[in-house]
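Multiple structures follow.
Shared chain: subunit A. Partners: subunit B in the first complex, subunit C in the second.
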Partner chain A sequence: MQYYEPNFIDEALVLLDRFGTNAHVLAGGTRLRFALRRGVAADAALINLKRIADLGRIEDTASDLWIGPLVTAAALRRHVLVGKHAPLLATTAASLGAAQLQTVATIGGNIVSADPAADLVPALIAYSADAEILSAGDCARIATVEDIVSKRPALQGRELLGRIRVPIAPHRASYQKMTTRRGLEMALVSVAVSCRMGGAVVADARVALAGAAPSVVRARGAERALIGSRLSSEVAQAAGERAAADADPLTDARASAAYRRALVATLTQRAVMEL
Partner chain B sequence: MQAIKVNVNGDVRDAMVEPDESLLQFVRERLQLTGTKEGCSTGYCGACTVLVDGEPVNACLFFAVDADRRHVTTVEGLSGSDGTLATLQRCFIEAAALQCGFCTPGMLLAAAALLERTPSPSEHEVRAALSGNICRCTGYQPIIKAVQSAAQALRREGASAPPRTPQRVQARA
Partner chain C sequence: MREQELPSVSTATNPDGDARPLTSAVEASSVLRRAPQYPPDKPEGFSVVGKAGPKLDSFTRVTGQDRFADDIFLPNMLFGKMLRSTQAHARILRIDTSKALALPGVVAIVTGADIPVRYGILPSSPDEMVMALDTVRYVGDPIACVVADDELTAEEALALVQVEYEPLPAVMSIDEALRTDLPQLHPNPRRTNNIHKEVHLEFGDVEAGFASADRIFEDEYFFEGTTHAPIEQHAVMAQYGADQKLTLWAATQTPHYLHRIAAAVLGMPASQIRVIAPPVGGGFGGKTEPFAHELAAAFLARKTGRPVKITLTRQEVFYAHRGRHPVRFKLKTGVKADGTITAIHLQSWLDGGAYGSYGVATTYYTGALTTVTYKVPAYKFDGCRVFTNKPPCGPKRGHGTTQPRFALENQLDKIADALGLDAAEYRKRIAVDPNSTTVNGLRVTSCGLRECIDAATERTRYKEKRGKLARGRGIGLAASSYLCGAGLPIYWNAMPQSGAIVKVDRGGGVTVLSGTSECGQGSTSMLAAIIAETLGVDPSDVSVCYGDTDLTPVDLGSYSSRVTFMAGNAARDAASKARHLIAQSAAERFGVGPDRVGFAGRRVFDLGNRERSMTFIEAAQLAEARWGTIACVGSYTPPKLAAEYKGSGVGPSPAYSYSAAVAEVAVDLETGEITVEKITLAHDVGRCINATNVEGQIEGGVYMGLGEALMEEWPFRAGEHKIPNLLDYKTPTSLDTPPIEAIIVETDDKEGPFGAKEAGQGPLNPVIPAIANAVADAIRARIHSTPITPEKVLKAMDAASGTTLRLKKVTTPSKPSPVPV
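For the complex of A and B:
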């Protein structure tokens, strides 16, 4: 296997273009290790992004928080700008695996892996986040995080995830995650809710569900139940019922579809009550 | 093969590694530091926990090439060069916080990272910090007690001398 440590984004994109599907991109590497264990082609290339400083920064402008794809869950937990502009991301990062995983797992990896129960993606979708998708010779294209994770695979072979953009706006947000035990587990179901208020009325709302469909999705029915309402226990219950109707959960070894759908209703209701 | 330079327990080691070699393979097989254990190999059990620049990682999931120009602490680096045990290790023995001992190196390093950042952890903080380390023998209670008594002892020692925990890395080498 060939090994590269490009110093600049353009260099990485040229390598991706050259090796195509034989290129393996290394960020935190917690998922890549499993993929490599299944064996790799002799002409495969491992492209380690760690030297590209532009991909590891957290910065804010007047309107947006920009997060590099190499930013780790541990950094999201502790970074002052994340706490200030996108506190739900810090909360969800703290529930991603254990400390050992948070040290290395990256936000870019969490998006690109497109796991239906991903820990960081629901908060990003609730915040209406989008991200740059880079490829050699082309201008960066912007896609919403919801669209990126809905594709299999999330990116084409020659594409690289660039910076993630979270709009900055006054908001209320909350997160609920159900696991079989408290530590270390991926969500059976999790729900992230973000609302912009106009006085006492919800002016805009985003509800994102993980573990409730083949990818992390918005619950648009639940959003409609919230927009224009004054938050109350009745509104929370209605949002929960609509979210359960929006869900399309799977049965697997960890939980049945029926249980997951019931969880979506309960967790959405709790999340709205917490706003 | 890729050349790396890693500071392991205070010694700078130059080595050639495979691009897909894990840090666990590197410390156990190339450096013969077998205190670090391989449990599940999937990042769940925490037996292989080591510190990279003072932060805990699962060595089974960590790429050896990513340790280049960084500081790695394994369980061998907790005790003194003359074999004197660290306060944390003594507290594990005193609290009978181990039976078979297989999870102990990982428990010690996860706990050391916690105490470095949080000298007076609550019981909840201890449990959260050790949630990535699985033990099949003890039922966890003695381990949690050991970490709490180590925190107390280190605070007492801190009043007179610097605590014996892994060196905090100021900057990447």
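For the complex of A and C:
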């Protein structure tokens, strides 16, 4: 296996172009280590992005918060701009794995690994975030985080995730996460809800479900139940029931589909009540 | 400073220059002490026993100075790796090691054909081989062992070994093992299924017992398999010297058994093998028998003439396993209207995995201790262990008694509720009495069960709370008992179970040689405390040399909660003899009889006039001058306890410890999430040697029980363990662990060292049913299987209320379930 540490994005893209599906991109490495343990082809390339400073920044403009894909969960947790514009992202980052893991796990890795129970993705989807997708010789294209994580794999072989954009707008948001134990855990089910208010009425809403479908998804039925309503326990219950209907969970060793669906209803209801 | 200005220190004698502080000065806080009854040979009272204080070896442990087996490096050493089966059940058609052997750096490869010897920890089921000869029986079964100059090369070589399998149908459950149309894991012409061991025992008139019952309760339970998850992975270093002697440094709880079996498997005289047990980083029963990697390393060290180290990966630890058997139970209990038990019929089916291990004993243990906690006048037990194509199960903390305790205590609460009895008073009323004999012939001596129940329930105000808390909050009680060492060794012999040598140095130090293994349980401190108490010195004056078959007398090992009772008694025996010699020579100096000589605070004195005294150093030197070298031997053999029936060897113990746990929980009625808010556990330890250590064992037992109660699972898919790693195999984090209150109850066991019993395993057992009973109290419904997951909580509530509240309240699209990831 060959090892590269490109200094610039373009250099990384050229390497990706050259090695295609044989390229393994190293950001935090918390996921990649499983692939490496399973064994990789002799002609594979490991491309470590750590020298590319442009991928590790957090910046804001008047309308958007821009987060580089190499930003770690630990940085999200304490960065002043994240706290100001996207506090839910800080909350979810704080619940990701252990404190040690948070210092290496990146937001880009969390998106690209497209785990159905990813910790950071629900908040990003609730915030209607999108991201740049870069590839050699092409212009960056923009895709929503929901679209990116719905694909298998999330990116094509020669593509690299660029900056993530979170629109800045006054909002209310909340997050609920159910786990098998209290620490070091991915969600059995988690729910992120974000609402923009028009007076006392919900003007717009995003509900994102993790652990409830093959990828982290929006619960559009639940969003419709919220939009145009005044928040109340009845509305919360309706949103919970619609979210459960929107969910498409699976049965695995950790929980049955029926239980996950029940959790979606309860956690969505609670998340809305918390707004 | 010039040389003459240095302070002068006499090196000839140091008669009273012992200015080191005594370390044993902290009083325990939570010990329910009866009036101190000092044994006849401790007329001066206790000055060490019962005190709190850190374990003697804790400082070297936490600073990284202890050298575990994997920390040992020798010049010119090789690193070994084992190739393991990728098939759950298959015949091996061909193994080709030529490519691997050709890899530069690879020194040797051996396969099952090189060591065609069958062995097993129990003489009754020798069904293992170091590496598979022609059949693999689980994913992870060792097939070959490679040694190379470095670990990476050895790993690389594994990938080059080619194995051709002919897959066989895999037997993956108890039900499949009982079928007659699947291949047998171990050919047995007397059977057509995969049953390993059946036990059928009956005591008293069971039929009449059930006939005279006013109510009969019948329930089924399932206890999930769990693993030990020690921090230290198994490791061994093997060296075969030019003197043709083999030395093994192994992370083992049982150096003696490894010694015996290594001699048998390698075909070497035991006199040419030395087994050393360095400090063990956690055992919990997972390191109590010889493992394939230990024997392979020994074989390869002899073959290559170079030292060989093998350290298992965490995944391999999951394969080596020997953990808690998954057990299914049917439990039938007859009671009078007042709750008095008239008869019990317990049936158990154990999922044993691929090999015997301690499984025959485990099978008996699922039934043997049923009668030791509560009075049972008639008792029938049917046990059945089966082979399955999974990692072999064996002993884990509570060995075979943890699983039935979950069933028994669960059903006992149900009986109390059905009969309108207070669950705590009820348990106390049917508790066994001290100095009694059970229906299956087990001798009970000291018994603090009622005191434990009182202590735990009064502390938590259990009676005011149970059944009266708001829905979603619950309190639960469970009690239990455990052995202080099996009464019989695992191979028949009439020799002591433990021996000790105590040597008194003329500088005032005392050395004990004991065959025990220190796996963090505190055996070193226990031995030091018992010897220090006997000789009136400080535990820090005692040097403990343990676990070395060349140096130390045999101790059967750190399992079965036997070390304090048996090694402690052996050490006390040896130290008492040294005390006797020292007392005699001191008595001559004092001009009194030897029984008037007392030992305390590093001084030896006349009990009648404590002013008349000398330092321990002086007394030791006096004794050495009078008697020659002061080195005394001691040993412990349990009294003959087994009754006269087949299978009576499992269950007898020189004493039983007792525990009662109260769990307080909060249950989220919408998600089913369980929060254990507090565990209060009272444990009858006989007499506590070191309060800190006993509390530590109680807390460790509670922690381990918490994981088994709430989250640990043992899942397989397509013949393979699904989660052989500590990321996916859930054990509680510190955030999951509630405040734990340990209450030490003392009953002063007549045969225990200074009255002591065990604390290593017993405290785990009541924790799991206490949590189960607390959850039942919170949700008004019972869950009959572990782990008690949030999903089971919701299902049990639905079943109890006849509704399916949240699960079907929402309309669900009818789509086929996608394939699980």
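To be clear about the criterion, the second predicted complex is superposed on the first by the 275 of 275 C-alpha atoms of A that agree within 3 Å, B and C clash if a C-alpha of one lies under 4 Å from a C-alpha of the other, contacts with A are read in each partner's own complex, and residues count from 1 in each chain.
Here is the rule we use: a contact is a pair of C-beta atoms (placed from the backbone, for glycine too) under 8 Å apart; a residue touches a chain by one contact, two chains touch by 3 or more.
Since this is a predicted model, take the numbers as computed values, not measurements.
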| said: On the A-aligned overlay, A:46 touches which partner chain: subunit B = first, subunit C = second, or both, or neither? | reply: first
| Regarding the shared-chain residue A:74, is it in contact with subunit B (first), subunit C (second), both, or neither? | first
| query | Should A:180 be classified as contacting the first partner (subunit B), the second (subunit C), both, or neither? | reply | second
| task | Could you say whether A:26 touches subunit B, subunit C, both of them, or neither, answering first, second, both or neither? | result | first
| After superposition on the shared chain, which partner residues are touched by A:265: those of subunit B (first), subunit C (second), both, or neither? | second
| Once the two structures are fitted together, what part of subunit A is touched by subunit B and by subunit C alike? | 182-184
| For subunit B, which residues count as touching subunit A in their complex? | 2, 18-20, 22, 42-44, 46, 49, 52, 55-58, 60-63, 65-66, 110, 113-114, 127-129, 131-133
| remark: As the complex stands, subunit C meets subunit A at residues 159, 670-673, 710-711, 713, 715, 717, 722-723, 727, 730, 732-736, 789-791, 794, 806-807, 809-813, 815, 817-821
| request: Would you pull the subunit A residues touching subunit B in the complex into a rising list? | output: 1-3, 5, 26, 29-30, 33-34, 36, 40, 46, 48, 50, 74, 97-101, 103-104, 182-184
| query | Can you list the subunit A residues touching subunit C in their complex? | reply | 39, 116, 178, 180-184, 214, 240-241, 244-245, 248, 250-253, 255-259, 261-263, 265-267
